[in-house]
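Order as written gives the chain letters A, B, C, D and E; numbering starts at 1 within each chain.
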Amino acid sequence: MSARQNIALALGLLVVLAAIPLLTSSRYVLGQFILFFIWFGVVTQWNLVFGVAGIFSLAQMMIFAVGGYASAMLAFHLQWAMWLTVIVGGCAAVVTSTVIGFATLRLRGAYVALLTLAIAAAMQALIIADTDCLSFETGTCITLTGGASGLSRFGDFGFRELLGYRSAVLGEYYLGLLLITVGSAFAFLIINSPLGHAFRALRDNSACAAARGIDRIKYQVMVFSLAGFFSGLLGGFYAGHFNAIGPSILDFSTLLFLLTSMIVGGVGRFWGPLAGCAAMMLFDELLMGLEEWRAVGLGVFTVVAVILFPQGIVGFLESGELRRIGSQLTGLSAQIHHFVKKAPGQ
Amino acid sequence: NKNATAASGDPIPIGCMTGLSGWPAAEALETKRGFEMAIDEINAMGGILGRPLEGHVIDTKNPSAESVTGAASRLIDRYGVHAIVNGHNIGSQNAEYEPVADAGVIYIHTNTLISHRHVIESDPERYYGIFMGDPAEYWYGPGWLRFAAHLRDTGQWKPRNNKVALIAGSSDYSITIIKAAEQTAADFGWDIVIGPEIVKTPTTEWGPVLAKLREADPALLLHSHLAAGDIAQFMRQFRQDPTQTLIYFPWGPLQAAFREIGGADVEGVIGSTVMGLLEDDMGRSFQSAYDKRYDLDPGGTGAISGCVPYGLLHHYAVAAAVAGGTGEPGDYEQNRRISQVLKRFPFRTVFGSIKYHPEWQSAVPYPDLEENDPSLGMPHLFYQVQDHTQQPKLIAPVPYDANDFQLPAWLS
Amino acid sequence: MRDDVLKLDGLSAGYGKVLVLRDISFRVSEGSVVGIIGPNGHGKTTLLNTICGFVSASSGTIELDGGHLTGLAPHQVAARGVVHIPQGDLIFPDLSIYENLLMGAYLEPDGAVQARRLASVFAMFPKLEERQAQMASTLSGGERRMLGIGRGLMRESRIMLIDEPSLGLAPIVVEQIYDTLKELKSQGRTIVLVEENPSRVVDFADEIFLIDNGEIVWSGQASEMEENENILETYLGG
Amino acid sequence: MNADVRAPLLSCQNVTKRFGALTAVDALSFDVGAGEVLGIGGPNGAGKTTLFDVMSGVVPASSGRIEFLGQDITWLPPYRICAAGLARTFQLNAAFDSLTTLENVLCSAYFGRREVTLPKLAYDRETKDRVDGIIESTGLASVRKRRADSLTVLQRKQLMIACALATEPALLLLDEPVGGLNPKEIDQTIDLIQRVRTEWSTTIVVIEHVMRCLVALCDRVMIMHHGRKIYEGSAAGVGTDPQVVEVYLGQWAAHRLQHLIAEQQTHA
Amino acid sequence: MTVLDSVLQILVSGITLGGMYAVSAIGLALLWGVMGMLNMAHGSLIAIGAYASVFAVGYLGGTWYLGLPAAMIVGCLAGVLLYFATARWMVGSGQFEMNIIIATVGVAIVVKSLLIIGFTGYPQRQPFALEGGIYLGNVLVPYQTMLIVCVAIILMMALSWLLKATRMGRAIRATAQSQKAAALMGIPAERIYLQVMVIAGVLAAISGVLISSTANTSPSLGEVTMLKVFIICVVAGLGNIPGTILISFALAVLEAAIQYALSAKWAFPLLLGIAVMILIWRPYGLFGAARIRKV
């Protein structure tokens, strides 16, 4: 697809998403969309590191959590406004992400995956084991990170006061939409800029890239830093939206769900995260009725999806299947056009 | 005849959220069963003012803020439930309170979290409909220290020193319990020598912890690790070279797996629950009805989890009937009335009395909160494994204590 | 008339929807050497890859000794006695030279035969013997090529497909390789050879096929080729 | 021009590269003068590619010193060496496989010409124009939009040269630029290299086993063996050096080489 | 309790844990370290083995030692099924490495849910267990621990030998490096994957039976040690099988020592910290060699 087609498709989607609250006021539907925005946004940034730059980093949820925790802690302990803490959270995530970029510099493939996973697991373990009380309020111990029970009720984006409790979700919906729009536009710009080419060049052949003037250290660290900011912002948005954050955000199962979304959608492709997250969340939703068999259904779906679409859903669509259908459609529309033009004459 | 009393009229949708497809699956299934059993019983008795209840059970996967919030919104939006009644969804951090409070429906759960109280107190007007059907996990800690002091003071057990060791698993509950014990230990005359030591869940190799324990040699151990298999392994390894320590685990010893895996090594251990099926007529008849209905081995552990939504839903039904009917989402007035009734009238069910604290909106514990009237508090039940082939014996509090405390074999 | 070992009939093949080979038919008779030449990127490698099963034919048939190869997986084709020495080497990077060579004899369970062949490969490329334990991934371009060819010689074949044997090799080694090929030819082996250097092919092959744009545009005896200077001129230059 | 008066553009002194017990490049010293074309030959495994690797910084030297444009580049990382004006091609036809031809060249042009502190979000006009020119003159115009992994051998070789040129090198190292090509294509490539030399006034070092190419292109030839220099001089002398013939050329190739040189001289 | 006793206790605990890690690592080291196929369903195979034994003995009423052969048979079947659910469709495709991770994640989710549905989520008693042990001072070394350690070492050695010295082992390594080149040699890549997954299934099932008597037979058995086992494989250097055993014991003893000396809450984070440091210092693991790819 050309850049123009991509932009047209993106704008179309944006209009549709912006119109959703007009079609339904169901808090559940909007809530699921907000969750979709969060996961989609996170996967988009992850895709920059994992797919575009080809670095097997599994630190994404940790970077997200740093953003979330930083905003939550500032809001909780210092009573800062969420709008502010979210930005600080984004910056904290950039710092963390950059450090991870440095730590993984000398590593390749599975070794990167393990190092990042270990860092994330260590962070979770440290949070859970955080039991040193900063203060005792109403008989309970308040710790820096909230420990195993996490932090909650530290404030939100003010939509509740502004729009009332029931419409607050609307505000958060549009805030989420704004975040993913900006985040995706950012990812799109990066992927199609010299920087994006440098990332891909390093992934394809790092020795050759070095000989063409591309400094691996610099750009690897850079891709981590860039992907960190929106991940952190989204972490803060998550914290503000749910008004809670806890160590379960670092659970392996969430990470795997998102990793699966990325791969099912199509690794390294701009539309991959969107297709993957949408497919996984939609399917999970459809399986709701299966109760205890729901996880079985999701597992089977995952296996079948990678078998049927080894290049991801987007890869499958790009591989010609869609083009075939598309050309049939344009053929059809040409015929209709032809017919319509002819009709009045007769 | 039966049909005469059976409910007719518009069904009342009632929700239940539980992690059927996640790690809590085993208990979640019992939650679902207890919920459905209560609905059938209530409907057979005529429903709420003649309207039958219609249950909607929804899966919360591995409970987390997003999945439980989503489940609550879905129940309200999609099914328009008038109430949500279930067991616990640990990990949600009370985030689901928001959609529930927005809709104003009644929500009764047993998340067993001390933070429930803080939420309610922060805005009683907003959270009027949200109740925690059991006392917070917090009470396990002080409850055990009080009970141990009682054993000491009544001479049933003569500790060699006043040292206590505190060990916890890496879960929210476990840590809150241990922190509560840490804060109150001194009040009961105990001196903390180990801990709180937090061990990752799961842990099955206890050597390093036991080495510390053997060095410190405390008279009392509170081990708030919750996984039955893990603590059974602890006991097996402890008994290889035991110290003169009275050992307590909250909740874990009540599970069949604890005795199955630990065998004779677990005899003498004390466990407790702040909410549990009583061994009285009411409890026993529930147990047998439950086991029969779901074709379970008689006397199994399923009913212990199943009784939770069962009792809570009955309480709700009675309260709604007294208040003149249920309230749909948005009907704040009616739901407020139900909330008033729930707080006003304690309800005796298969796990004791549900008496909601007027400000905290959670069940009042007995006797931990210095509540001396068992009809006004939910009993914190203490059990001792006396024979590993049998269910643990209920040894406290009065008047539910059918059995006596026995000095564990390793305490000479 | 000798028997046909390999028979291609109306073979077309390509990548995705792009056809690279169109309607290729020819026979290779027992003990003969067939040379395939043609401009770069016009399908020579694709032809060999189609025979050995890497690329699937979109139409047409491939027969080996009267049995079908079309549609078989590469390892099945190999098991029928097709040895392919591919253009891109396809060595096992993290096996040693020695292990790479042994892999060449995977279908040859007899240890004594293996040892004999190994000795002859080592005799041809003493460098490989010297460096037996070196990881294949660290070899120089030419050494990789030697390894690729050596590995192909580790097994008995009904037909050998060789893609550009002289690529990246020092002139003296090229000489040696052609000597070996000539020896194989004299032993009656059947060989299909793709080579960029027409003078080599003319020297060595019995029959030559010129592939242009996926089609056979000329075929004939090597001797006819020399006479037909303008064909060489048009397609391959000096 | 005379080779002696040209100031050395690149000078290698005692460059050594060891891999464990193996010395791939052994205390090698040589100069390359501005504007000249130096050919390198030698048996397989002689250390030619390794020499390029060391010069371009892809692998670090074990010892020795490399000076380029008066600057010591021995320990510089490859991307700095590239920015300094030394570009190379690879023996195994390396390219960025998932990028198109155009993107490959653009990317090299953007990052390789000078050190980029902070990349912009789009390529500038000047780079794009320059890249268009290079694609045109290297004969890749018809495959601008094709992914690099679907190119033919010849096109990949052209692409590598195009990418290297896009970095605007003062010195271009070519590793077997005509290996695997047929005579016609070899001539085309020789022609391209000659144009590079004149139009971009680039100094060139070329590794090649095809003697025809060395003879046609080089002012001077160096033959390596076991990491050492065994011959340095005119292309004409290669075929007559007994050691070179013995370890590298063999009788037949030596003979052909003589033939070629004679032919060239009659042409001239 | 003397200091010596404490030290002994730490050592015995470390060795018990180490044996558990080593034995859990075996099948994984084969599939991941050697074949480059990260099998996220490895933990499921372990759990399947443990439950096969529980089922054969506890539900069908076999003698306790029959649990092991039962588990091996079921492990073999599980390997076959795993192959047909995942690798069968992916061998030879470009995205193999990544897709196989996701496919096995899917399988792991399915297996765990099915185990929960079939056996409930509560832990059960593993009938295959050696009772008793030998006292070293006041410290008991259980027979089960000794069995686990011996089995781990023997299996690892056997695996090492298989891979290094046999035709099949070479074919396995060759297929892992290039499925295309292997096919050219006449090696059926699919069959190699099937064989290897069956071997991994059997090995994992054996480890499941062995460790579940000390680590609880529950549907998440195997899963809980997975992260540590991943770390062990990587710290040792992927594909280095003797190194994997060594690191299993080293890290486990370290873990036990930290638990004792500092506090249990630091054991896991510190262990991870050490792993991170080792990787930064030696990017290919302690015993691994860098992979060289020429351009």
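Going forward, a residue touches a chain if its C-beta (ideal position, glycine included) is under 8 Å from a C-beta of that chain, and two chains touch if they have at least 3 such contacts.
Not measured: the values here are computed from a predicted model.
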Would you mind naming the chains that touch subunit D and likewise touch subunit E?
A, C
Compute the centre of every chain as the mean of its C-alpha atoms, then state which one is farthest from the centre of subunit E.
D
Relative to subunit C, chain with the most remote C-alpha centre
B
What is the distance, in whole Å, between the centres of subunit B and subunit E, each centre taken as the mean of its C-alpha atoms?
37
Starting from the mean Cα coordinates of subunit B and subunit C, work out the distance between those two points in Å.
75
Cα centroid separation, subunit A vs subunit C, in Å, comes to 49
Among all residues of subunit E, which ones touch two or more of the remaining chains?
113, 116-117, 265, 268, 291, 293-295
By the touch rule stated above, which residues of subunit C touch at least two different other chains?
138-139, 141
Touching two or more other chains, which residues of subunit A qualify?
125, 129, 131, 205, 207-208, 292-293, 295-296
What part of subunit B is in contact with subunit E in the complex they form?
21, 23-27, 29, 170, 197-200, 202-212, 214-215, 217, 227-230, 232-233, 240-241, 255-257, 260-261, 301
Subunit A residues touching subunit B in their complex are 26-29, 31-32, 35, 125, 128-129, 131, 133, 136, 138-141, 147-153, 165-166, 238, 242-246, 248-249, 251, 253-254, 288, 290-296
Using the touch definition up top, name the residues of subunit D that touch subunit C in the complex.
19, 41-45, 48-50, 91-92, 150-155, 176, 179-187, 209, 211, 247-250, 252-253
Subunit C - residues contacting subunit D, complex:
15, 37, 39-41, 87, 127, 138-143, 145-146, 164, 167-176, 196-198, 235-238
The subunit E residues in contact with subunit D across the complex are 294-295
